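Order of writing sets the chain letters: A, B, C, D and E. Residues in each chain are counted from 1.
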Amino acid sequence: MTSLDLAFAACGLLAVVAGLLAVTTRQVVHAALWLVVALLGVAGCLLVLGHELVALVLVLVYVGAVVVLVLFALMLTRAPIGPDLAHAAPVWRQAAAAVAGAATTALLLAALVPVAGSAVERREISNQAVATELFGTWVWPFEALSVLLLAALIAALAISRGRAGEDT
Amino acid sequence: MTLEMSWGLLLPALLPVAAMLLVLVVDAVAPRARLAAPVIGALGLGGGAATALPGLVGTGPRLTLCTPAPEGRCLWDGGPLTSTLQVAALLATLAVLALVSIHRAGVIDVVLLLASASGAAAVVASRDLGTWLVTLELATLPVIALVAWRDRRAAAHGALTLLTTSLVSFGLLVLGAALWVTGTGDPTLTGDSLATAWEVPEQRVLVSLATVVLVAGLAFKMSAVPFHAWTPTTLAAGPLPVSALLASASKVAAVGALIVVLTPYESVLGLSPGPHAVVAALVTLTVASMLVGTVMALRQTEVVRLLAWSTVAQAGWVILPLTALTAAGRRAAAVYVVVYAVAGLVAFAAVRAVHGPHVEDRRDLTAYQGLLRRDPVAGGALALALLVLAGLPPGVIGLVAKIVAIRPVVSAGLWPVAVVAVVAAVLGIAVYVRWFAVLIGEPGEDAPARQRSRRASVGVALVGSAVLVLASVLPQLLVGLVS
Amino acid sequence: MALILMLLVPGAVGLWLVTGGRGLDAHTARVVALVAATVGGLAAVVAAAMRPVVDRAWIPDLGVRWHFAIDGISAPLVVLTAVIGVLVVAHAWVEQPWTDTHLGLPRGSAATYLGALLLVETGALAAFAARDAVLFFIAFEVVLVPMWVLISRYGDPKSAAARADASARFILYTAVGSTLMLVGILLLVGQAGTADLDALPAAAGALGQGPQTLIAVLLTLGLAVKVPVFPLHTWLPAAHTTAPTAGSVLLAAVLLKLGTYGLVRLPLANVPDGFARIAPGLAIAGVVGILWGGLICLVERDLKRLIAFSSVAHMGFVVLGLASGSATGLQAALIGNIAHGVISALLFVIVGGLKHRWGSVDLAVVRPALREVSPRLGFALILGLAAGLGLPGLAGFWGEFLALVAAWEPAHHEGVLRTCAVIAAVGAALAAAYALRVARIVWVGDAVPDAATDDPVAGALDRIDTRTPDTRGVELAVLAVLVAAVVTIGVVPHTVLSVTAAAAEALVGGGR
Amino acid sequence: MIHLLGPYVVAALLVGLGVMGVLARRNAVLVLVGVELILSGSLVLLVAAGATAPSRWEASSVLPLFVITIAAAEVVVALAVILTAFRHRGSIDMDEAL
Amino acid sequence: MSALQVSYLLVLVPALAAVATLALRRWQGPATLVSVGAALVSLLLAVVGLVVAPVRGTDLVPLRGSYAVGGLDLPLQLGAGPATAAVAAVVALVAAAVLVFTRWYLAADDRLAVFAATVSLFTAAMMLVVHSRDLVLTVVGWEVMGWCSYLLIGHWSRKESARRAALKAFLVTRVADIGFVLGVVGLCAGAGSTGLDTVVAAWTSDEAPGSPALRSTLLVLVVIGVLGKSAQFPFQDWLPDAMEGPTPASALIHAATMVAAGTVVLAQLFEVLVLADGARWVLGLATAVTMVGAAVLALGQSDLKRLLAWSTVSQVAIMLSALATTTRDVGPDPALFHLWSHAIFKSLLFLTIGWLSVIAGSTLASALRGAGHGHPLARVAWLFGLLALAGAPFVVGGLSKEHVVVTAYEGAASAGGPGVVVLAALLVTVVLTAAYAVRAHLVVSAPVPNSPIPPLGPDTPGPNGGIGEKSTGHAGMPSAPVLASLAVLTVLTVVGGLVLLTGLFDVHGASVWWMVLTTLLIVIGGGLAWLARGSGDPRDQFVRTPRHRALADSGFGADTAYRALVARPVLGLARVVAFLDREVVDGYVRGAAASAGVAGWLAERGHRRESPSAGLGLLALGLLVAAGTAVLTWR
């Protein structure tokens, strides 16, 4: 158990607990807020693992943009501030979902734990190197990503503007 | 880092993007020019397909985006198989563009189609997880928008279904990718990267799990059972051309992506495909898809739903040869999906020619009573497509495709799966012959009136039929593409 | 050249008739079809005599070639198909299913009907001539859709449900068989490394016992549907009952032959050891079929169904011959095949004619004696029945007798096959019983009441058109050809046996 | 020094929670939340792979960036679709049939 | 002309005549002329054949090489020997007489030509059996005869009893033929050839292709077929029913062809038969039972034609019994000799009763009383025929029967086979035969004038189920050719025994003691019948109650037994099978269709809620399945 392990455990615990609350809370707005907490926890994990850039982007993009959008969407779809009884899933389904989630976790653990091994030295990741690779080797998918973003933008615009009545 | 890059190989994916940008620019400059967008779009798609053609005949490796030797890996493979799928996806999108019909196609339609096409063209060529993930989503995301952006309740519902499943599938893909990187330490989907991980049993398990998760994620896009639930809803609710796109170009892209994932296994598993997790997952998918899809299609009377369920069944047929995890199987899957895409497009085009653009029409089987007599062109094309799908001569190419699909499975010793395929094939014949019987019957009184603006649909149906006839006479033209 | 002509002319004309030529009036269509069938038939006869070979690449990646040739085993079948092809087209002058309106609905065009006939013929010819396993399968499948059209579209005009049921049964059932066969073929081709039927036996001979048996099981199961072998026969009666006369004739005389021919060509020739392993099962299925068909014929009321079941019984003998594994058995199967082709064709033409005249062929309906009201038709019927029961001097005898001899002295599994021979001989007596039952009811008019006045069915008798017109014209010609064939094969079996002898010897490795 | 067990466990738990969230929720927006959890679990996994050994082309850093971006794009489209659906159906209840 | 050529011609000429007659059937007169002419040509040929008959033991040279079907040789040869030449001659004679008679008898029939053609074909088939040196050809002739008998018996198809009799005749013989065909198949398959000489050589050699038990079994099978064709117990009942056919047909079937064919075939296979004790026992017991039973039944018939039928059964049993008892040294010729003599006198009897029935309008004994008055030739023919039947010394029948009796005695004496049983049966039969022969004579020559019974139409059965004869429309005086043929037959009946002088039949001399004994027995039998003659039908003295008469007329109820033991179970089984086929075998087809339907219904239920979350639910299912398979199968 090293200090890094401890730090990671703390962040991880935060992320997991917040995630649990995010998927179980009855109040939809709380769910979005708990997601923020969970994502912050994940960002912390990433930091502990040495990937500051990724952690930063995660916080920026997710917390800064995505969750805000989610909140907006919840508002626009008239989500209640209190517990959302209209969308409460039956208990059996929640139980089934829990079982499915647990099964997934178990499966992943069964595959991952054997390769975990003992403690290893954390590698310093230089943003320089990441940038070089990103704009060197990965330039092609990076450009494709831009096209994707453009397409998503147009798509979102088109959808939200709509086109009345006419059909292809 | 320097990348060796040959632009020629990238053009099939780049040209649609260029066309897309050009459409946007033209639209910004001259918003009145309504014809500009479709024409540019068609040129982009056609050009992309044309630039992929050399790959069909070329020999030798067509790799690009390679890092320097000795540890060099290539991110892009433009070989014959890839080129075939690219041409198929691009031309299928072109056909869908035609189905949208030139006058109605707005800028947004064209842009989204082009984006999707470029994604499809890119994903089949990609050999690394980054490109693969990005372009796969590029192929998918615009389609969701295409389903949704028509302002209708049913379309919105279909889009919601498609969206949620697609989101989850994306989550699975990312999870699979993460597992893959964890297992191999390598973001490329190549035999080399797999081979190193294969040495260590724990990593082997991890990699297998990664592939299973990736396959599951892709099964969404291919609408394979049990990841198919969006298919009937979305296809029936969305606009017909988009359904055709989902059944053709999207399916080609998904199969291409699946082939990319499975190719590495040829080097490690191909020789002895025993009870391996990947094989088991594929067998489950193919068996379930073939059976459930056909059985459900057997009960449909709404033709688009019937086609939707037949898509599910055909997804099983596409996956069938892949269960062998051999190069022959990979090629067979490509051949099959191309044949299916063409036949499916012809069927959708014929349906559109019969019913016109109005989804609210009663698209029931009874509307096809005696179509072959009333409307020999659309009826004939539809009949041919149905026979091809059923795999019955004179749709010889459908039969050849079935032979092609079963062959690798049998060679790999998985003949029980082939026997299941027999059952599915027979049920499939029942599905399509049921429709065919309606077609060749006598016209009833309550036949729908002939649609007026159907030139584009009929054209697509005819071109597709011509391809099918040609391929039936000379199957080698198609079968030989991928070898 | 002859081969190409034989396949191309009927095929192309048939395709044209069902697509472009649908608008043709009935007379033109018939003439066109007859010319095509005749040219194709002549070419087939020439090809059967000259034995040309066509061999060129078709799908190199699958190793599939356009490889057509005719050898001793296929030559009689090719000639049979050619003759039957001409006859069924000629029969369109007699029975015109496209004019059989029911409920006032027209039923498609003459051109489609004739085109479908020609396509079936083409498919059968191609299958008999194919020398490539995969090509054989494709040709085998070609007949499905046109035959389906014939049944579902031009079948019994009375009941649409029956047509739908029978045609669906036909296509699905046979598709099960053919697809299973495809799996077997692909397994065989994959293991042997070639699809060329000439090279396959040598290549497949080296396979081990396990693969051979598996391949043989798959192939035999698949082909047994087509033959049909008990208990896979239930599609046949429905199809025969519903199909128009020409369809029944084609079905019995040509399509069933595809099954036995396939059994000879694929499992027997290529995986002999595997086939020998499952031969007892096949033989048992065959003799059960003999008894089964014979017994049902004793109580069956519908004459067309009855003849269909008798086909099951006759094919049982063919299967028994094949299962014996000896050259004698193979020869027996081949001549039995041909004989059944002409006999059942003859019977179906007659019964189709009767159905046309009477409206139904229910044996429970009282009708005047055929020998009284239409002697020529009656003569043909009694001859057909006699041939069907295996009367020596007519076509049916040789196949049955030789099959019995072969089963008595088989190449393997002597105990099982001898038992089968005994049971098959009992089945031959059943054949006599049902043939005479038909003769008694139809030919000599058993049910004619002596005094019509006090008979409850007298009312029914009045409604029946008792003036059954005798056969004449084209129908007479068709019958005459078939009768001549039945007698010729019966009196001079060597016309067939000598053609098949060398090939049969070669197939089973030179005698017992 | 760090144990890799930690990241693996966290990733597995997050993915499991995400699956649970996706399955248990009827509100379409909250399904998104579940998906985000699956994605973040996968990110942890990806990053952990690169934290100890150099991955080829820094994939363990680059791929998370890609994933985050794609996810953002998806969310944009998803929310648009959800809003459209809400406009037409009056609810975003996933259990509501057409 | 060699004997071989004669034999080929003897087969071909009637066969071609049949085809020609059939082709000319529109013109009845010329058509029948063709067949009669052909029959006369055959007769001529047969006489030539007698002259050129090869010396015993000469090998026959095949005309051409043999065919091979797989491992089976098919020589398909014909051949001739002294005995076959004699049999062929009598067949040709009877056929010619029958055809001549037919032209007169059926002159008014609209299907006369077809009948004549069938008779010609029948003759050809019998000639084939007689001359066959190949078992397949034997089977061919054998079955064709069966078919022709079906056609001939059923000739008057407007009559229900004729239809039924034809069906019965064919079916009963065909059932027995199961055995015949199987036996032949076994013999041929074992020998690898169908050639008679090869088969005999193979199965009599030391290295026979099968065990003695197998050989015996195969011959038992052949014997079963022979029993069927020759109407022996338990297949006897079809023959009396076959009297429903026109009388010429009966004459043909009874005298020279069908029922006698079994004797010919067994004679051909004699070398093997003597080695097969089982077969000899079966044959001997069956014939012993048959000859006595049939004679008793003949005595009790109310219908004289049926009486003749039963007498045929009995006489054929005598022929066959000779084969069962004869030793290797004696050979089959006593049986063939009896065949020869029986053919002559039985055809004479049948043709005479045909003539008489035309006069009387029926064949019932009550109708025929005194029918011989006014037709001396008929009476003479009838008398001599019956004499021969009874076995009076020196007429042809007496001579041949004498040889059979001696053969049986020798067989019994050499202590092998069923000789004793057969001998006892023979002696009983001699008595009974004499009795019914005397009875038949008494009926016809009774002094009571013929009571005018109106001629019966063909479609209405006579009283008591008797046989209605066809009204020919003429006064009952046959044409000159018919009279001539009757005269020839009568003469031959008297002097036919002279054939022994030609050496065609290889028979041992008869014993004087046995001749005396049988004569005594004949006198006893005939005397009893004469004493019991009474005022009406002498039968009444033996069979007093109507119940017994009915029993006799129904042949001890064999028909009922056939129905109960064979027909009904088979039909019942057929119904069961039809049911099974419909409901069980087809069940899996419909089951498959139904299960596809049910699966579709279930799947549709599973997809009924097309809500977005349903898809996610399926996803969970899929994930669990994938996880399960992954865990179970990864390696």
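The rule is short, and it goes like this: contacts are C-beta pairs under 8 Å (C-beta built on N, C-alpha and C of every residue); 3 or more make two chains touch, one makes a residue touch a chain.
Not measured: the values here are computed from a predicted model.
Steps from chain A to chain C, taking the shortest chain of touch contacts, total 2. The chains in contact with chain B as well as with chain E are A, C, D. Chain centres were defined as the mean of their Cα atoms; on that basis the chain farthest from chain A turns out to be E.
Averaging Cα coordinates per chain and for the whole protein, the chain whose average falls nearest the overall one is C. Among the other chains, E has the CA centre that is most remote from the centre of chain D. The interface carrying the most C-beta pairs in contact is the one between chains A-D. Separating the CA-averaged centres of chain A and chain B is a span of 30 Å. Distance from the chain A centre to the chain D centre is 4 Å, each centre being the mean of its Cα atoms. Mean C-alpha position of chain C lies 64 Å from that of chain D. Chain B and chain C, compared by their mean Cα positions, are separated by 42 Å.
Touching of two or more other chains is recorded for residues 610-613, 616-617, 619-620, 623, 630 of chain E.
Along chain B, residues 1, 67, 130, 133-134, 137, 141, 144-145, 148-149, 151-152, 157, 160, 163-164, 168, 179, 182, 205, 209, 233, 430 each make contact with two or more other chains.
Counting partners per residue, chain A has 96-97, 100, 103-104, 107-108, 112, 115, 133, 137-138, 141, 145, 148, 151-152, 155-156, 159, 162 as the residues that reach two or more other chains.
Under the touch rule stated earlier, the contacting chain pairs are A-B, A-D, A-E, B-C, B-D, B-E, C-E, D-E. Interface of chain E with chain D (complex): residues 609-613, 616-617, 619-620, 623. Residue ranges of chain E in contact with chain B, taken from their complex: 596-597, 599-601, 603-604, 607, 610-619, 621-623, 625-626, 629-630, 632-635. Residues of chain A that touch chain D in their complex: 1-2, 4-5, 8-9, 12, 15-16, 19-20, 22-24, 28, 31-32, 35, 38-39, 42, 45-46, 48-51, 53-54, 57-58, 61-62, 65-66, 69-70, 72-74, 76-77, 79, 84, 86-89, 93-94, 96-98, 100-106, 108-109, 112-113, 115-123, 125, 129-130, 133-134, 137-138, 141-142, 145, 148-149, 151-153, 155-157, 159-160, 162.
By the touch criterion given at the top, residues 19, 22-23, 26, 28, 31, 94-98 of chain D touch chain E in their complex.
On the chain B side of its complex with chain E, the touching residues are 157, 160-161, 163-165, 168, 204-205, 208-209, 212-213, 215-216, 219-220, 225-230, 232-233, 274-277, 279-281, 284, 291-292, 295-296, 298-299, 427, 430.
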